[in-house]
Amino acid sequence: MQTSITTYDDKPHEECGVFGIFDRQAKAALEVYYGLFSLQHRGQESAGMTVSDGESMETFRGMGLVTEVFRNFPGKDGYIGIGHVRYSTTGSSIPSNVQPLQVDCAEGPFALAHNGNLINTAPLRQQLLQSGADFQTTMDTEVIIKLIARSRKAAVEDRIKEVMGILRGAYALVACTDHAIYGVRDPFGYRPLVIGKTETGFVLASETCALDAIDAQFVRDVLPGEIVTIDDDGVHSTMYEPAVNHRRAICSFEYIYFARPDSVMNGQSIYQARLNMGRALWEETHYDGDIVMSVPDSGNVAALGYSYASGIPYSEGFLKNKYMGRTFIQPDQKQRERAVRMKLNPIALNVKGKRIVLIDDSIVRGTTSGIIIRMLRNAGAAEIKLCISSPPVKYPCFFGIDTAERRQLIAAKHSVEEIREMIGADELHYLSQEGLAKAISCLRGEDMCFACFDGKYAEPLPESMEARVK
Amino acid sequence: MQTSITTYDDKPHEECGVFGIFDRQAKAALEVYYGLFSLQHRGQESAGMTVSDGESMETFRGMGLVTEVFRNFPGKDGYIGIGHVRYSTTGSSIPSNVQPLQVDCAEGPFALAHNGNLINTAPLRQQLLQSGADFQTTMDTEVIIKLIARSRKAAVEDRIKEVMGILRGAYALVACTDHAIYGVRDPFGYRPLVIGKTETGFVLASETCALDAIDAQFVRDVLPGEIVTIDDDGVHSTMYEPAVNHRRAICSFEYIYFARPDSVMNGQSIYQARLNMGRALWEETHYDGDIVMSVPDSGNVAALGYSYASGIPYSEGFLKNKYMGRTFIQPDQKQRERAVRMKLNPIALNVKGKRIVLIDDSIVRGTTSGIIIRMLRNAGAAEIKLCISSPPVKYPCFFGIDTAERRQLIAAKHSVEEIREMIGADELHYLSQEGLAKAISCLRGEDMCFACFDGKYAEPLPESMEARVK
Amino acid sequence: MQTSITTYDDKPHEECGVFGIFDRQAKAALEVYYGLFSLQHRGQESAGMTVSDGESMETFRGMGLVTEVFRNFPGKDGYIGIGHVRYSTTGSSIPSNVQPLQVDCAEGPFALAHNGNLINTAPLRQQLLQSGADFQTTMDTEVIIKLIARSRKAAVEDRIKEVMGILRGAYALVACTDHAIYGVRDPFGYRPLVIGKTETGFVLASETCALDAIDAQFVRDVLPGEIVTIDDDGVHSTMYEPAVNHRRAICSFEYIYFARPDSVMNGQSIYQARLNMGRALWEETHYDGDIVMSVPDSGNVAALGYSYASGIPYSEGFLKNKYMGRTFIQPDQKQRERAVRMKLNPIALNVKGKRIVLIDDSIVRGTTSGIIIRMLRNAGAAEIKLCISSPPVKYPCFFGIDTAERRQLIAAKHSVEEIREMIGADELHYLSQEGLAKAISCLRGEDMCFACFDGKYAEPLPESMEARVK
Amino acid sequence: MQTSITTYDDKPHEECGVFGIFDRQAKAALEVYYGLFSLQHRGQESAGMTVSDGESMETFRGMGLVTEVFRNFPGKDGYIGIGHVRYSTTGSSIPSNVQPLQVDCAEGPFALAHNGNLINTAPLRQQLLQSGADFQTTMDTEVIIKLIARSRKAAVEDRIKEVMGILRGAYALVACTDHAIYGVRDPFGYRPLVIGKTETGFVLASETCALDAIDAQFVRDVLPGEIVTIDDDGVHSTMYEPAVNHRRAICSFEYIYFARPDSVMNGQSIYQARLNMGRALWEETHYDGDIVMSVPDSGNVAALGYSYASGIPYSEGFLKNKYMGRTFIQPDQKQRERAVRMKLNPIALNVKGKRIVLIDDSIVRGTTSGIIIRMLRNAGAAEIKLCISSPPVKYPCFFGIDTAERRQLIAAKHSVEEIREMIGADELHYLSQEGLAKAISCLRGEDMCFACFDGKYAEPLPESMEARVK
């Protein structure tokens, strides 16, 4: 019997986290290690880092967690470094598709790490191939690097700006040369990127929790459409001016599920946003119950919010086994319920005879919700009212999140009542889109992307993707 | 730079978890795998299992987590199996000291897994050596096996009973032959062991959470001094009658820290006991505050108890990084605080300007409490009142827990007020021993062991250990 | 497709090589490494070493070649060391059956490495089990160790002498305590063992080539029935006086195939013995031919001897691929011939149109001889006269060599003429037993064991083995 | 103590072996595996293969021997395959520099394996960088691929032909698309490449021994300057017509040392050429002696030639340890002699008191010759006359062989007499260049490259290399 990599969850998968540092006094490799470690929740399949000492650049990459990939730590010393953790979206997870991607260009070595997903990769790749390019990977990242390498502009930031006029889709980039690091965020701002300050240098990171990890101070978010250059002269900013003055489309799922609750993103505390979602759920449901509990860990904060608002006591309903690791022996199909129980075990004391308000962050395919509810019933729950801190996920995401195909999304085909019946809950309520928008109180609704809920994508999709939406 | 195995915590270490199954319809190896996985919190350094199909017996062991050791799953099929997870106490963690230990005896193959620690290993080993025995490991387990092998009694349970007259100290054993499994608990009952029932067989486990994991029903605890035999005729019980009719000494730290909150031990729900400890802390302190938070995850339930009793809202104060793994790059000593922060990051929103009641389960050496408090202050906490859900740990444990030497125990040398000052808390309160005893409400105080708090060991210590107590 | 460990040869397998050193000025681990490396031809499945610094002893073992097992070299420093390479005979090749075996006895740590095979393991093991012993391995070595540990004698050499009265079969032992090393050879002298001298200490080894490897001078062979003790006082000898004054039975296959040609064993140069075998083959055949060639490498020296005696030029007929390694992708059965060709490719230039006298050392199962002859015919050989530098192997060996079961031995069932026809040679001649005895000119025929050829075992076999001889 | 990769020899290093197959009935991956295995002597640092089933292409690569890299065999089925073994020349041996290199081009997937070394890589790379190319490796191979990808020609062979007009230096290429394989040899023919035929397809290989390995028939050598296309229509040939009608420059060191003796290269049997070299050495020296012996294995055949011509008996003087593996514990510098002895041990019987004619193929740095001669003297040799089957190596090679820098070449700075004295031989003779040319009797001297002996490079060197020749 072979063990296999499984997750036994029903969550969307974030693709990546990126990190960069420029600090003359730092051991860059160590800082990147800590930074990536704190961004591990954004991607657990592979990790990599590029380090430069101003003279030469080296890249180290591998499959697995940060602590696994860097068990034998790279010897390379340097003061410039970028890093990447990945949950694969475009490009399979074979070693050659691990980031950062380092190349030699006319101006010298250049490395790039990319969070997001382009929607015009296919035509861009085709154009490059026609002009004689050869591709060694299947990653968007290689397309972006080749475009930057071919730009006739002199300065790296000008090359990037030129390329931004061609790219469509979501991208938060961290790049480096032998003398600077660069941070870039697409004009819609789909994916996050922040600037931090150490005592003697600067960092870039997908989330502020990575700043905390290396004791850096938060400076500000990189702006949608901004190119930030960090070198010995400090931080410089260049704005890409898009031809069309378009809206922003900041991903709402970062607030619902992806980001770490201790991060602050676009001015909004993730923890606060989730508390607000829980309160909003109470406002929208006023469910009666003996206890509020969550599907750990992602539902915890919203459950606290529900408890605060309702006065119903918060309690731990499940013990989550934290030793799951990446590989787990697959039981036969019949025993899938047992497999979920390996990860989550109901705490009978808190469940038996109780009327439960259960909080989860989302339902994608609907595969585990039914199992969880049956587990609670078997443990003696009297009543289970399930609140989801997001609206029904009905549309696929093409901007860096791997939810699933539309046909796999339970809410794309079934009404809330049908879903309730399928999973066996006594009540089922999804947070309204208005409630969600309000919960993320530091942002205006029109600046966010809710496309996975309402299908209103911020930019026109290519035909092939259009087809997958219907 | 090499990565090294570190924990960055200040917790006592439990030594072991044991598991056994006898089930004609089961794939024993798979059941043991699931059972051990759910006992992983009791030992993360090594894992092993022994499987028999009634004809032959094989043992598979290795260093690492259950999911790592059994990545390539043993091919051996069988209906008899025992398993072990280990955090080393006696015996270094070299591969040869991994359990179960399987030997060939006159009666055929025999395997043993042991949770606990003997206090008369040295003289027993000496006697065996003098009589011509040779030892291939440094484990207590080998001493016990040799004693059983040398017994002149015919039945395995009689051999075990005979040996129990010689052993001193703590032991919960699970053993197997090619036709039965055996569960044994020392007469003091220091360490836990329970019996469960599957549809077609029986299991033994350190905790009830392992029964849940394989969908077995809880039958009862193995009694202190009891030998349980499970074979095709079901469960048989034999009681060891000690020469001296002594008290019981059930480990109170299982309730405070070790056991999983979803387990029930000696009739007492762990979750309930911890809730009670939190309530008792409130009774004893009546601290005023804006929020109650815990040092996750071990302080969570007591913190909820404090919140329920006091009405002060419970909130998450720290984000705990769950990707720590077993190896982590060791920063230089100066940066130890940063290392703790890699694991625990304060959630600024909940901390800034707040008067915090902070709940932790214990302070052993006192090395991390100070760091945690500084981290909270740096995050803007207005006031930090620390409540510990156990009395001060002043004495070493010789019965299966690796707290530390007496000279390393901060409470052995310092008053509570001194400790408070050293770690920088505004207030510091340890739960009283009476409060603790009452919190574990299903057990009588005189049936429990509080020796690490009050030095009253249930049985006389050998001289060498006596010296370490002073 | 999985690769598998294969050898694609038809040779008997030697079980082991042993090595020991006592040298106050040496780094024992390094010397043992070099010694074992030069004995690698005696066993490629596993390797191990035990090192002591006079204070403490540690053992390091693993599966694979010496250079693989000790890729990360043991840190232990010491001046006492023993080592072992193994091709498994008794006991499967699982890690726990790797030698040396180190135990703690009443007198302290003791380690043993064993080359050979006992023929009364079963009753000895049974007696030990009845007296309460437990076995953790299936190796003869553990039986010997337990017997030594149980002896009531004070001195280690006296304990060993006592145990020699009980052991039956072949054994060359190297052992160590924290203050001495010991070398032992069974009274028949089946397996070799020599003493060497470094500038500041002494060594023990299966063959003299291991002395050369560490620049030690050959002193003498350990005598059959001798126990040698080496400590700070130098070399001491104790003779075991057997109850029955029996003959010697030095293994003749060591000279034919196993030993390295640069070794000298019992006064006889291996190279010279093989040259003599080649000359004797010429004397017995007077085959006409254009060239003499060998099946490399084991037939090389005898082929040179044939060439010298006959005047027929020696030539290389095959290119042997030296990168075979331990694992090789198994082609389907039909392609077995191709698999042999991967290892041995005929050099067409030397084969085409030639009348070839081909020299090989032995035929066991007869599986590859036919393939080799076909390969030569396909390469254009005009005539192939095959000379084997040993008599037909008709009986199994119970004294440390894994030839095969009698039913698998081609010569046990078929006449020479039948074999010639089966393998397709034009002529086939086996060296006569007299010719072989004469070729090993430093030894008297009556001091050697030819049992695999004539079935005359030097000592009575137990019934179970007797049955396998018929 | 760490083991390290060492060779303890003083040989030039061949850079690569290449292999390709197009066979509708074959399992290409398995054939490539066998082919590479038989070319392992041409490169032991890494191995790789590319396989296509006509639909898709996959590449598998790794560090180590063929049997190590493909321990877990690629699952990919196909009828098109190419492979590569490598001893690194240009480009460090990091994983990303392992071949074949597979890319996606405008026309689809393309993979290339390269044996040789370009002398105008630097300017070509510079031009490509200036035109916007990015490089992910430091290999010549990537330069060649990018040039081919950028060609405007339609057919792959026309693209290759165009690129051949730009490349300078040595290259034997094997490439594949999803519908054909290609073989290319530079106009000077420095490096070898042959065509073979299976029952249902065709193969390409560096040497004929790889044809034998997969039971393919030798068809012919690829001609210098030829591009061979193999697809469903069979073998097509295109000749590159160089602007200057230049000479050929077939590497003479292939015959002296690199190639396997069972190969036939440009019509010349390697074995025969080496026999001839041995005979020529006798003609040039007429040394008197008791025995002729070689430094195994590379000197064996020339030693036989010397023995045949002189009538002095050939004998094995050294036992070569075949278990060296790739890693070996490095002794301290003082013990270097011992390290060589681990690999080569004199067979005292053949050496003691003997006047020895010793044959070796070449002396590069001169580091081991002195050790070998001392070892023979210590073993009692009466006289040592050393014959080298090549002229003195005085100039570096820029065409695919890693000899050493000129300053490291002992013959660049010292006369033969000085060298004789430095290494301690009684006599020292190098084969004359005329003798060497004559020994390779199927080729005209003017068609060969002897530049490492006489400095007459076949084509003008760039300035940077020119400097290294002086």
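Should a chain be cited, it is by its letter among A, B, C and D, assigned in written order, with residues numbered from 1 in that chain.
The definition used in the following text is that contacts are C-beta pairs under 8 Å (C-beta built on N, C-alpha and C of every residue); 3 or more make two chains touch, one makes a residue touch a chain.
The structure presented is a predicted model; accordingly, all values stated were derived computationally and were not measured.
J.: Name, by label, each chain that touches both members of the pair subunit A and subunit D.
T.: The shared contacts of subunit A and subunit D amount to nothing, since no chain touches both.
J.: Any idea how many Å lie between the Cα centroids of subunit B and subunit D?
T.: 62
J.: When the centre of a chain is set as the mean of its C-alpha atoms, what distance in Å lies between subunit C and subunit D?
T.: So the centroids are 36 Å from each other.
J.: In subunit A, which residues are in touch with two or more of the other chains?
T.: Not one residue in subunit A touches at least two other chains.
J.: What kind of graph do the touching chains make: line, ring, star, complete, other?
T.: Topology of touching chains reads as a ring, each chain with two neighbours.
J.: Could you run through all the chain pairs that touch each other?
T.: A-B, A-D, B-C, C-D
J.: Note which residues of subunit A are touching subunit B in the complex, please.
T.: 1-3, 29-30, 33-34, 37-38, 40-41, 44, 65-68, 70-73, 75, 209, 212-215, 260-262, 264, 269, 271-272, 297, 300-301, 304, 308, 313-316, 318-319, 321-329, 331, 338, 341-342, 345-350
J.: Using the touch definition from the top, list the residues of subunit B that touch subunit C in their complex.
T.: The touching residues are 101-106, 110, 129-130, 132-136, 138, 145-146, 149-151.
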